Amino acid sequence: MASSAVTDVLFYAFAALTLLCAVLVVANPFNRNPVTSAMFLVLTIISMSGLFLLLHAFFLAAVQILVYAGAVIVLFLFVIMLLDLKEEQRRRIKFFGAVAGLLSVGLITAIFFKILHHTNLNEHPLPTVEGDTASLGKLLFTQYILPFEVVSILLLVAMIGVIMLSKKDLK
Amino acid sequence: MSILTYIAGWPLLAALLLVFISGKNRVIIRAIAVLATFISMVLAIKMFCQFAAAPVDADGYRFVQQIPWVESLGISYHVGVDGLNVGLILMGAIVAFAATLCSWEIQKREKEFYILLLVMSGGILGAFASLDLFFFYFLHELALVPTFIMIGVWGRGEKKNYATFQITLYLSIGALIALIGLIALYLQSGADTFDIPKIIAYAKAKPLATNVQNFIFPLLLFGFGILVSLWPFHSWAPLGYGVAPAPTAMLHAGVLKKFGIYGLIRIALPLMPVAAQSWMQIIAWLAIGNILYVGWVAMRQKDLNLLIGNSSVAHMGFIFLGIASLNLIGISGAVMIMVAHGFLAALTFALSGYIYQKTNTLEISELGGLCRRLPFIGTVLLMAAMAGCGLPGFANFVGEATVFFGAWAQPSLHWAVVLAVWGALVIGAVYMTRAIRNILHGPLPEKFATLPDASNLWRKLPYALLLVSLLIFGFVPKLLTEKINPDAAKIVAVSSPVVKTSAVALAEIHTPKSEIRN
Amino acid sequence: MKHELFPWLILFLPLLSATVIALFTLRSKTISSLISIGAVVAGFVLTVLFISANGFHVNAETSKNWLSIGAETSKNWSSTDGITGLQVDFGLKLDALSLMMLLIVTGVGGLIHIYSYAYMDEDDSKARFFAFLSLFTFSMLGIVLSNNFLQMFIFWELVGVSSYLLIGFWYGKPSAGDAAKKAFITNRLGDFGFLLGILTIWGVLGSLNFGELQSIFAAHSATLLSAGVITIAGLLIFCGAVGKSAQFPLHVWLADAMEGPTPVSALIHAATMVAAGVYMLCRVFFLLNADALHVIAYIGGFTALLAALIAVQQNDIKRIIAYSTLSQLGYMVMAVGLNGQTAAMFHLTTHAFFKALLFLAAGSVILGMHHEQDIWHMGNLRKKMPITFITFLIGALALSGIPPFSGFYSKDSIFAQCLEQKNYLLFGVAALVAGLTAFYTFRLFFVVFFGKEKSDHAKHAHESSLVITVPLVVLAVFAAIGGFIGVVNYYGSQFTPDHETLTFVQQLMEPLKTPVPMCIGIAVALIGIFLAFSIYKNADTDPLPAKLGVLSTAMKNRFYFDEIYEATFIRAHDTIAAICGAIDRFLLEGFIIGIIRGGTDLSGRGLRLLQTGNLQTYAFLFVLGVALVLYFVLGK
Amino acid sequence: MNSSFLTLEFCVIALGIVLMLADFFVLPERKKYLAYLGIAVLTGLLAISFTGDGICSVFGTAFHGSFIEDPLALFFKRFFIAAAILVLFLAAEFSDRIIAGISEYYSLIVFALAGMLFAASADDFAMLFVSIELITITFYVLVSFQKNRLVSLEAAIKYLILGALSSAFMVFGIALIWGTTGKLNFGELAQVSSQFLDNKLFLTGVLFVLVGLGFKIAAFPFQIWAPDVYQGAPTPTTAFLAVGSKAAGFVLLLRVLFIAVPQVTQQWTCLLITMSGITILYGNLCALPQRNLKRLMGYSSISHAGYLLLGIVALAGSAGKSTDGGAAILYYLAGYLFTVMAGFSVIALVARHLADEDISSLAGLNQRSPFLAATMTIAMVSLAGIPPLAGFFGKFLLLKSVIAQGALTGHHAYYWLAFVALAGVVISIYYYFGIVRAIYWSKEAADLSPIQLSGGAKFSIALSLAGIFWLGLFPNTMLNLANEAAKVLGN
Amino acid sequence: MHVGLEHFLTVSFLLFALGLLGVIIRRNLIVMYMSLELMLNAANLALVSFSRFNDKLDGQVLVFFIITVAAAEVAVGLALIVALYRKRQTAHVEDLNSMKL
């Protein structure tokens, strides 16, 4: 890491953005329209790809933006628009549910941090790996060829499923 | 093939055959059922007669047959008899035949009824003949399930569902606790086989550790105990028998129920002598619970079947007392009662079944004076009641008296014997004679003026058969005891220390001032 | 020993007869009754033949092993090894005691059988009746011939059940059913003690055989007879006798048992069954020590007095005789308690004659009266039923102890025994009872046979048929001469080794040896008869209640024993039963099972509430689950 | 690389594609019979798996260790194929109720089968992930296939959200495991996992994977989805979910717990005991008041997951010394397959014209079709674990393996677990017999018209029944197979 | 302080927790679904950072798979939601209430 100060600043910036946007996805105090959530999700994803860049995962950073921001979120928006979910605002988050949810999530988070705190992460001083397309592709098509193929079937299945679910009934 | 395989196999085979016969052929179905149980009974009698002459294998069993079944677990189909189960198998086969004859009156879904009845008969005969722990349990369960179904489908009365529920749950719990005990036993024995003779031989050389014994013994005691309606886990029995169709009650109360005790004697005592010793007093207490408490409960019953059911539970107490005595006399007596009570319970339930069929009620207060219309049934019922209160001449007396003597030989059980004798001679007499007084004696209600008695030989046969069996063993108990003794002695040899009865008593004689308190 | 087979035949002929009747000839009254009579008469003939061939003092045993478990232990009873075996023989003990009893049972029993032939003629179930009679005879013979305790217990029980069957013979009558039940249960109470006594003896000595036990006792009498456990055993065994011989406090069944047909009353309650208790006490006399005997004597005496008092105020002809039986049995038991087995057995024998006679005569009266049993509905029957009248008179005299009738001799020997033992209290009781006996017997006698007819039945009464009167006459003869025909000899030689055989004249004069008891006995009897004569000669109603007041009511109501038992023993049992029943029903069946069932059901229904169908809740629960597992594994 | 290992998988995928494409060439009314094509092919494959030389008898790894062929994998592959065959029979019966396209339905079943086959052979976390996702996503679609029924969609969405949630946990777990150890392959992980026993990050990772797999098998506390999904899904899907998906979860669970991280598993015996006990009780207790047959089967399936966990507990406790627990699981699953298929076949056939599958719809079944009545009875009795049927011997083996641990270690927890299992069995007897009672002696039987069975239905039910009896009466063959397969899990 | 693995992991954990929270408290199916995406992304972030600091690429390959699978899942999920909406005119969890207890 050549300029650690810069990367540090960038990390904090991206991390803060990611988390802030994530909070706004989940619990936007001003607006609970799903569209807003989706937009903040896009932001989250984009700032995450910034983090990916910091980690030298260039290919994934690109994929993240292309697939997630470009395709998945668009899909989300498309569906939201299709469904016309206006009455969402009228329903309020239930107090009890929120407290219980916060409590259990808080518990998990607390355990997380306790664990993280207690774990000695043996750091490698000089990471050299680069997540470029070529090396990733090589790995994907040699060692991970089988999962890759399975994923292709998975996509086929998903396709069949989506078509089946979306098509109008003939009868 | 061992004759035992045929004894248990014929009813099962017949059950299988019935599956493929249309339910409309009532006569054929009955004929097959009767024939199968008849053959099985004849074979059982033949086996009983040939017992003494039959060759004995190395472990002391006769008519042995062994076929490996699951080698990796050490399970094999292994049947054989010795003195402990020869009487039970004979009794079971006779009762099965009688029960089949008594099924004459089942009107609806006969085919299914006979199938279940045959499965039940075959299963329990197989369980008694089995010398492999797994099959022993397996076949018992096989016989048990039809009981629930029969009570549920063909039972009578308002409490049918509740009774079915209770008997199912109780017996399942009992069987499963016993199963856990048996599995633990199999594992702890270290013999790596389910073969009973092998386990016993192994345990003789390498006895189970005391703490292991103390852990497993109660599992078997209470597991099997629940199956035998050991107090205070008895409440399923009277109720269940109260609603059960007569043939089911006959087979279950008569034969199937003995499985638990047989298991205790066959498995628990020889393998866990130390634990048995330390549980002796508790078993005696529970036995007294059966005899006295349930006897009193029986006094309160207003329904004939409930009364018989409770009395049958009370009788189990004598068997447990015999087991608690842990000596040759007591255990021989226990085995004797098992056989005797099998005939008796079957007989009484057959009779109550007949009465119910004809009068449509078993409320004692509604009956009365039946002797006038039912001389045959009435006489047999009277004799059964007398056998039930331990009258000499019937096999029950021999067993009970033997148990009393056996338990008396254990000075620490004197108190129990006193109470048990009270239960046998007084309480038993009270409820039995009360019932007889109210059912057979007194004036005959108008509505029963045309009751038909058991008219022909077929109808009389099951009752006569059971009664004669009771009388034969009552008059000539040696037929059984001679067979029981050597094998009971083997069990006692491991499970009982030398009893110092007369030593104690005589020491007190020599010091004139001392008193003996019971 | 000649005719070894005869005793077996005697024993089993009645059983055979019962079986044959039950299985084959129930439809034919005549054949059945003849079979039954034949069996018992044949038994009598065989007994006579056997005795004439072997004499009374055979002292033999024949036995077969019946039940054998484990090793023979009786032989080495004194070793310290525990009892490991149980040996029960089926054997016959033949000595003067049992042979005399055989004669009585088959002889008197035979007469009763014959009498029944006519008495039960009208009954549809005559065949069944004779089957029961045969069964009863078999059981009684079994008791008599038993050579060991368990066998005796077996027949003891069989006697109980056959009496149950006979008492409840007219099962359609509710009272008969109740009486049978009562007799059976009361007997069972006694048997409870009996069996425990047997167990105690066996537990100590390891044997059940009378002969073996006797020799053990003979060899170790000092240690054994002073042991507390033997006292207890003796008393427990005596309980059996209390039940069967209807001693206080188990005397309540006997009077009710009169619900059975009259021959049954005669057979069971005079000659045989009730005598079994006394017989048994004599049989096992060797193991009764002084303490036990003491108790026995007083119980006997008390019973005698109690029953006599009750008898004074009864109005049912059979009940009066029944209480008289009780009272006489009290005598016998008292005699045993006073070491007078000979006297006891003597009285038992004569009593069998005259009491059977009285019962049968009463039966004849009842038959003549068309089944009317209340004495205050009778009267003036002496002319209409002369044979009955005469024979009844003989019986009554014998019962009252008027010389030279048999009762005089036997009663006198009991009196003498009291004095010999210097037990003046019991002597006083005995004398009082003798007076009462004479009084109530003749009360009955005068009311029934003298005075005027008190009902239409009495006016139209008639003498019974020959089949009935012939047994009466035969019994009357024995009741008259029974005192001096050698009975006492046979018993004496059985019980007292140095007994000298008396000649006929010596027997006749025997009471003179002890003039005091003789005189007192005769005196009180005469007083009793005189009182009865003066009060009841022409009485239409009983004047006594007015004079005795409360006492009379108490007597009439049998001193409220039934009520007391009802209120205590039976009530207690019923209460306990009710409690147990309630526990069973509500606690075990209802509460505990209810809780388990309800708890299971409820927890099922409760848990199910988690499955709200709401995805949010599901997600929450899922996450909560993860959190729990995390915490469970790593959180600590 | 030995790609002949993949013969079965290739054939199955090809079959799936063929079935899918056949949609274009087959007349609509004939499409129903495509199932029989699938059945024929799968039967052939099953036969090959037993007889084929060099196809299934050679064991080893392929694709850089991400794919493993061993007896355990082979056992499960046969199991899955058998399950798929029976499900296809059922689906063929069900075809008239699937309006969205029956050939797709068949092909999706076959694709799910492919996912299961991959899962059986998965030997690293990547394979684990993709195969399990293949199964899950296929099931989302399969569950929603009766999209004209609201419950079907609703079930699918519940399954989807909760499934995705569990996937997220699993993925995160995989990330943590890989992050701390640097290994994805199970075998390699096993060699290093002992160094990470106190690395809580690693343990959390394993735990999260466990969460994902626990979700698949519907073990407490991840069981919550099962009743709704079982109830809403089309019956063949439910059946496949109950056997196939659950078994896939178990094979992966076995591999992860006992091949990848055996030492960790050993540490967690206590957790597993608790999970198993509560799962048994939960399933059985909730089933008690249940009236909807399929929902009841959902609860029952939870309890059976609990019983199966007994075997896992035994394996965990024995630390690889004894594989009895594993064999018991395999045996139990085999029995469960036949039993559940028989049960669901009856439910599907009886509730054909009914809106819901209430227990009362079974009323009078013994008059409508004695064969179906007997089948249902036998299935329920077997599920309750009563001899001489498959369920009994399976439970016997499971109990035995657990008690063996109790006997060996002297820990009472094992005995308590056995007692809990016992209590569960007793409770279950009650509701299973409730079903039997409904068949034979309920009074209000509205519909008494006889039920016509097609040849295929008869055949498949007969097959299931034969399996139930075969496993109950002649356990030897299957037990040997199971023992052989379970040896993989020992050390 | 030098930014290291634990910083990235902290972000990842927080992201995961936020996603979890969203699934629990939001009632709109689509938003729930987005929250699930957040959780998956948290895993991705963890994998990528581990990949960097472990000096191995396998993690990134996994991320690749995860993204693909997630996309497929989203497609199916959204199709389902649409199908449900067509049937029931809602995308709200509380309206999914036809099966319970």
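Per-chain residue numbering starts at 1, and chain names A, B, C, D and E are given in the order in which the chains are listed.
Criterion: a contact is a pair of C-beta atoms (placed from the backbone, for glycine too) under 8 Å apart; a residue touches a chain by one contact, two chains touch by 3 or more.
Because the structure is predicted, anything quoted here is derived from the model rather than measured.
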According to the touch definition, list the chains common to the neighbour sets of chain B and chain C. D
Can you give me the shortest step count from chain B to chain E, moving only between touching chains? 2
What chain lies closest to the overall centre, CA atoms only? B
Using C-alpha centroids, which chain lies at the maximum separation from chain D? C
With contacts defined as at the top, give the pair, C-D or A-E, that has more of them. A-E
Taking each chain's centre as the mean of its C-alpha atoms, give the chain farthest from chain E. C
Where chain A and chain B are represented by their mean Cα positions, the distance between them in whole Å: 70
Hey, how far is the Cα centre of chain C from the one of chain E, in Å? 95
Euclidean distance of C-alpha centroids - chain D vs chain E, Å: 27
Inter-centroid spacing, chain D versus chain B (mean Cα positions, whole Å): 42
Residues of chain D touching 2+ other chains? 126, 129-130, 133, 137, 140-141, 144, 147, 157-158, 161, 165, 169, 200, 204, 227-228
Residue ranges of chain A touching at least 2 other chains are 97, 100-101, 104-105, 108, 111-112, 114-116, 121, 143-144, 147, 151, 154, 157-158, 161, 165
In chain E, which residues are in touch with two or more of the other chains? 16, 19-20, 23-25, 27, 29, 32-33, 49, 54, 56, 58, 61, 65, 69, 72-73, 76, 80-81, 83, 94, 96, 98-100
Pull out all the chain pairs that touch, please. A-C, A-D, A-E, B-C, B-D, C-D, C-E, D-E
In the complex, go through chain C and note every residue touching chain B. 65-70, 77-86, 150, 153-155, 157-158, 161, 164, 168, 171-172, 174, 176-178, 180-181, 184-185, 188-189, 191-192, 195-196, 199-200, 202-206, 223-224, 226-230, 232, 573-574, 576-581, 584, 588-589, 593, 597
Using the touch definition up top, name the residues of chain A that touch chain D in the complex. 111-112, 114-116, 118-119, 121, 142-147, 150-151, 153-154, 156-158, 160-161, 164-165, 169-171
Report the residues of chain D in contact with chain C in the complex, numbered from low to high. 157-158, 161-162, 165-166, 169, 200, 203-204, 207-208, 210-211, 215, 220-222, 224-225, 227-228, 268, 271, 274-275, 282, 284-290, 427
Chain D contacts chain B in the complex at 381, 386-388, 392, 396, 399-400, 403-404, 406-408, 415, 418-419, 422, 425-426, 429-430, 433, 436-437, 440-441, 475-476, 479-480, 483
Chain C partner contacts - residues on chain E that touch it in the complex: 20, 23-25, 27, 29, 32, 93-94, 96-101
